[in-house]
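To keep things simple, chains are lettered A, B, C and D as they appear, and every chain counts its residues starting from 1.
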């Protein structure tokens, strides 16, 4: 799948809004993390263990945020630097929180272990991309 | 639709993680904004006007962010304060940027005017909810 | 929110691909149902009752399908009749299944009762829109 | 990413609802296709070519459907056969239509060529999974 991400970047009439390697790596990490979190939430529900409530919740939130992030990063036309920056930051926060929570249950529940690894890869990829791109942005005044 | 949002909050076994009125108002504003932005992107493509490129882009990004935000706010079980706070902040940034861009085209394209109003309502609702809830959160150390 | 849906339809440069009243009603019903299902899944997890496993699963699936349907119906430019028709059919099937399952738990869990009503409204709105629009479509031969 | 999909399937407390190989292949093909379609819609907007209107529209619809399909297939707990079957069918119809449309522009726009290939892989994967699983399902009578 990463080859498809890279090819889509290379064939766009717009140049990538950030260096192509960390950008394609982050898109790939986001879609992988979103899928792992969706599957981990389902597996955690199936465990019937109250100790996994926070894990289910974070999995679902992290899946939603990573899916939105992967879409936003897939667009090269006229990016808004403030939106990109904040999106990468919330992605990093969600992946960090979900990786932390999943790690608590990784020894007992191997799906949490697999998911935590995907979250950590996405956290690292988001931070790496953030480091190449962004400047803070102020609110517009209407 | 807002009545359904309120009823779902009232019937959850979990108390709302924030005061119910600004929370249900923000959920409602997010789903409204996501729909308006999706429709505005489509209408802008149909206008065949290069001046709307940035508007299409922001509409699509804002739709993705507001849709994710509406889902995250709809969950009351074990919320992570840092994830909630950052989600509301990226929602506010995206709505602010999209409202600003749509406003530039509102006189010529009435769909941009309708969309800008939805974005402003969502910006206000996000800020109002953010004011009731959140404290910053640090990264976990793995 | 339904007024915003209607205004976006009226201000698009493209005429609505189906009669405006059942179209806007179905978009509205889909976003309402997606939100109710997202909240009901969360509430069902919080109940810690194995009898709700199928309900959680259907809530999550139905939320994903209704969210995708609401986006697809929000676009008026060059609709593909086969995609629209199949989308409305899967929306109806998911809402029907989720309404049925939630109804089994409605007496004990009022969130399931509220959610079942939203699913039934969306089922009815999908069928009503399907009746106005669609013809089957064959697979293309590549 | 496919290894993560496979690991999540293997570590779930629930057995996969369909044979693991075509199931993981279809999940992977759906996330790849959703990403390619999102990027292709953006690239097509940037081409400023009216002949791509239908392609933009199908890309956006196909991205929404494949994203929803990837989530639904990622859940193993208590699947509803009718929902699964209809979801795979709408996924196949959307991928087929989008592959066909993108192919018309593939010679001139290489991003359409890359996207058409991803759509065809997802079409094939959906049909292959559909062949292993499903029986039609009737509407419930409330």
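FYI, a residue touches a chain if its C-beta (ideal position, glycine included) is under 8 Å from a C-beta of that chain, and two chains touch if they have at least 3 such contacts.
Just so it is clear, the structure is predicted and the values come from calculations on it, not from any experiment.
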Touch graph components, with subunit C removed from consideration: one piece
Chain whose average C-alpha position is farthest from subunit D's own: B
Distance between the centres, which are taken as Cα means, of subunit C and subunit A, whole angstrom: 27
Separation of subunit C from subunit D, taking each centre as the mean of its C-alpha atoms, in whole Å: 19
Multi-partner residues of subunit B (at least 2 other chains): 42, 45-46, 53, 56-57, 60, 67, 71, 75, 77
Graph class of chain-chain contacts, one of line, ring, star, complete, other: complete
In the complex, subunit B residues that touch subunit C: 1-2, 4-5, 7-9, 11-14, 27-28, 31-32, 34-36, 38-40, 42-43, 45-47, 63, 67, 70-71, 74-77, 109-111, 113-115, 118
Subunit B residues touching subunit A - in the complex, by the definition given at the top: 53-54, 56-58, 60-62, 64-65, 67-68, 71-72, 75, 77-80, 82-83, 86-87, 89-90, 92-94, 96-97, 99-100, 103, 120, 137, 139-140, 142
Subunit B residues touching subunit D - in the complex, by the definition given at the top: 42, 45-46, 48, 50, 53, 56-57, 60
